[in-house]
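Across the two complexes that follow, chain A remains constant while its partner is chain B and subsequently chain C.
Let's look at the complex of A and B:
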């Protein structure tokens, strides 16, 4: 007697039937009775995005690379003359540009360190059993969802020497946060930390909740103190995901423009993006600014590469 | 000297009473196995001793000191997890050194201790590897190594070989026994595998629904189960249990399996001990206590083999008697196959009578 079982799959989803007769596969190779094939649907989703990327990202990228070797000025009708590496040479030997890079580096270090410390700290607190955890997490994510310009204006009010709540709360009188040449960069970094710590917090929280509970139990049995457990278990295991947060935030901080532009216009707060903006759209040195943009890009790529190498090393464990 | 005492401990998970008034004393250097089905509370009890769970009431004493209010790190016990719980980012050496470094032991001493224990467990060649590069058996050795390095007051093991394959489990069982003999630390071991329990334990603690059912040596628990749960949980194949009636006709006692036309002859002296013959009773008899003959013999009942399972060293033969199937152990090939006529006798000295209602043994022995 032959037993017959109900068929679990229609033929075009049944792995065995597909192996025996590949034309059954639902990949568009077999004619469909109606509607679009899977391939057509896939293309419908992907092609517009690719066109958009080419027109607005890839094309300007390549076009600006060409401009970076010319003396082109977008404010005149004069034709662009090829100047070779002159723009790059001029920029890299300009002490003012290096000053901008130094300011940017200082800003990146303060801002990213602050975000990691605050973000990871809050994530550690949220990783416990506390009431209203979900609501609290959502509320803490709010700064990240605001527009940069709004955050800039918002902090401008907070820092206001006359009626700003920060001076009031800290009892600093009429301290000029944004006009003080030494303090302004830190003031911007604080606003950036406030805005982007939640991002680090979110990734850290994902990393922390992925650490198996039994490792903490094992550490407790092994008589490890809280601090020892943190440095020997928690931190190494969360490091890969924390590194990803650091990579993203470093890239973003390196390119910071809007919040710094809105909050202060000090020479001490002129990060590289502001210099770039001024060069391109105030001084109209289009060719030169394209070259500077490429230098920034290469630097960001180099830093990211160092992080990624470290990340891979951490992940190998 | 490390004696572990549990006094009236209780624990609830929501509405579930997972540890129900457990009292137990584990003597110094004793190897005690908590045996029971999944969800019977054995792991929770073990975790409570380690401090990984808090108890609702009662007392836990280790070496005479009450520890139930202390954190795990203050109880000085080692714990081997079913999942091994090795630190994935640390090497085998670092994993084993962790409990020593955590308490600030000197570097040279750490290295010497880890080397010594690694030698005992034969894992020296693995010291530089990470857990991800180890086999199941090696992971288990490392987990035990991490527990052994600290020379703890007590070793607590939660199904430490449960996730290994059958062959490796057998090897590791022998190794655990050897280690205990050599190290001699007070050990509590949790398992649902009764063979493991029988092989390893000085004493077995059978648990069911959060309640201790029986505490005794493997031989005691096997030979004298206090109730039907223990009778049917310990032993492989399990004890046969059948509804019976007892009578004392014609000078000889008879135990008749429900639905059977004839009864098995039992000594009247034994059946006279049954307090109330009218009460519903169950007979418990281990497969090896059923004598099977291929020709009619005195005191044997005629029956027919139903299924024969050849297991190599012996056969298990299912024989229908009345409404019940009794499983008997015979030498290989003794019963040719299903349908073979056989004659049975039960060994009264190894028979048990249980109260059907309560499931408790009547405690009647010849």
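Let's look at the complex of A and C:
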């Protein structure tokens, strides 16, 4: 069967000629506007965007790379002296910085794992015929639409040992989520999981809806168990899109600042971004902080690269 | 002109951002107009150098508020006297402060002894700890030679840290990231018997629309330590002239007007926190608000954190060392302050200060 689509111009008409001269249209009317020309799109959108990116992203990136090899302090008028790799050497041999990286790694693992488990789990639940599915999905997406600062303040109240609803609901009495040095990082991760699981859920839903139904039908005919179906059909087919979610969330979790800064000020919750902020804007060690920012950037790129390679492998299967 | 924090003096003066006001200071005898302690910490840099970069403008320090009705309750007074052997009243010593905090600490009644600063994001916990440190006779170091060994880890400093950590045990639950908002809330929500805070935040405690206990809220200056030393951590700001300003002449005229007795008096009447010695000492000022008497006493005993350009690094190191001890109970006070002394020595050496 040949599908037929409505054609904008009759077969006996030349579209280019009609566009160049609207009076040639069969009914004499002008055709619908073709929109902006490629040239106009380039001048109006692409060039300004590229200029914006160069001025606000590329230039500061290169400029800060230069500063990372100096002893520059933005709070003084003193010139920036070239110090070679001293900043990098000092940072990489600083036990406090390594502690910050360890805290960050722990946070990323807990937070991203939690988001994937919760997000994918909720997506599995939603990937079936249930009443008010659309409304439910929209409501579940709300947390990730909120500001990080608002979420931080909101969870601070929820965790409050005096009047927080979490202790009340769980019957934990005056349990100190944020004042306990060992618990605080997990408390922050829980807030982050609440906020960003919907993002994983959204991508997972897209992946789940793309799994061909006939595979499940075939598995059912073969009397495959639910677990077998999940591990041999669902997970492998959703894995590529789930990996994309993991990449995005890992990058974001690695850079976490707001929520951790607002919720607690424990040394056990000082993720690398908080250390970077203090170094750059409280201590005004501009050169040193640029070096730290580059170390963080390299780490994020390396982790992302590993993920992308893994993603490509998953796709090839 | 710029109204800048006292700890910015070093960074702003060494970097050439502030105009040197030494000549103006000497010509106008500003040192005699303003309370001496405020001149030392809002204006002079380096310490004891005789060089001045700011005029004390908005005076402030860490004081205390308390629940008068709890303190004046006959049953509480009798029980307190029976337990501690002296009358329940606003504390005059840190020993009394500790006893009162312990006495009112009743978690089962949702009533707690004391609210202190514990936030280590910036200088909150440092200011709170300084209230103990200075009154216990300890010090951060030598402001001229930058020696810290034997100062910040002296026996007196160790005792001060132990005292501050002990007070943390009498705070409401979850009191691990608290600054001026939370400490005022401790009073407005009827949580704590006493609460430390900057004087600048005390007007809110007298406002019945923000504090249901306003009529029952009293104030006192930081109490004395075991040896009778009595100091308080400095807040507030001085006012400086920016060296890039094209209006420096007008700025000097403003400062000349600002330091006049009548201007300072009016500044105080309008709610400004004057540092003028004459105004502070006047009966009229001391009786103007319930906290002015405590403010007057405090502004003559203030001491401050390091004002060197690298103060934020020193502050970060202080936070990194004392927070785990105060809040998490890690290590001993002596170990904590020995480690801090080592950090500070390394930082001063890095910037070529001292020997």
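The working rule: the second predicted complex is superposed on the first by the 277 of 317 C-alpha atoms of A that agree within 3 Å, B and C clash if a C-alpha of one lies under 4 Å from a C-alpha of the other, contacts with A are read in each partner's own complex, and residues count from 1 in each chain.
Criterion: a contact is a pair of C-beta atoms (placed from the backbone, for glycine too) under 8 Å apart; a residue touches a chain by one contact, two chains touch by 3 or more.
These numbers come from a predicted model, not from an experiment.
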Checklist entry - Where does A:174 make contact in the superposed view: on chain B (first), on chain C (second), on both, or on neither? => result second
Checklist entry - So, A:223: does it touch chain B (first), chain C (second), both, or neither? => result first
Checklist entry - Between chain B (first) and chain C (second), which does A:212 come into contact with in this model arrangement: first, second, both, or neither? => result first
Checklist entry - Looking at chain A, which partner touches more of its residues: chain C or chain B? => result C
Next on the checklist: Let me test your reading of the model: by the given contact rule, A:75 touches which partner, first (chain B), second (chain C), both or neither?
Outcome noted: second
Item to check | Which superposed partner A:236 touches (first chain B, second chain C, both, neither) | outcome: first
Checklist entry - Is A:121 contacted by the first partner chain B, the second partner chain C, both or neither? => result neither
Next on the checklist: Applying the document's definition of touch, where does A:143 land relative to chain B and chain C: first, second, both, or neither?
Outcome noted: neither
Next on the checklist: If I apply the document's touch criterion, which positions on chain A are contacted by chain B in one structure and by chain C in the other?
Outcome noted: none
Checklist entry - What does chain A use to touch chain C in their complex? => result 73, 75-78, 96, 159-162, 174, 176-179, 181, 184, 261, 263-267, 278, 282-285
Checklist entry - What part of chain B is in contact with chain A in the complex they form? => result 50-52, 71-73, 76-79, 81, 83, 85-90, 98-99, 102-103, 130, 146, 150
Checklist outcome for this item: The residues of chain A that touch chain B in their complex are 212, 214-215, 217-225, 228, 232-233, 236-237, 317
Checklist outcome for this item: The chain C residues in contact with chain A across the complex are 11, 14-17, 107, 110, 119-122, 172-177, 191, 309-310, 312-313, 315-316, 320, 323-324, 327-328, 330
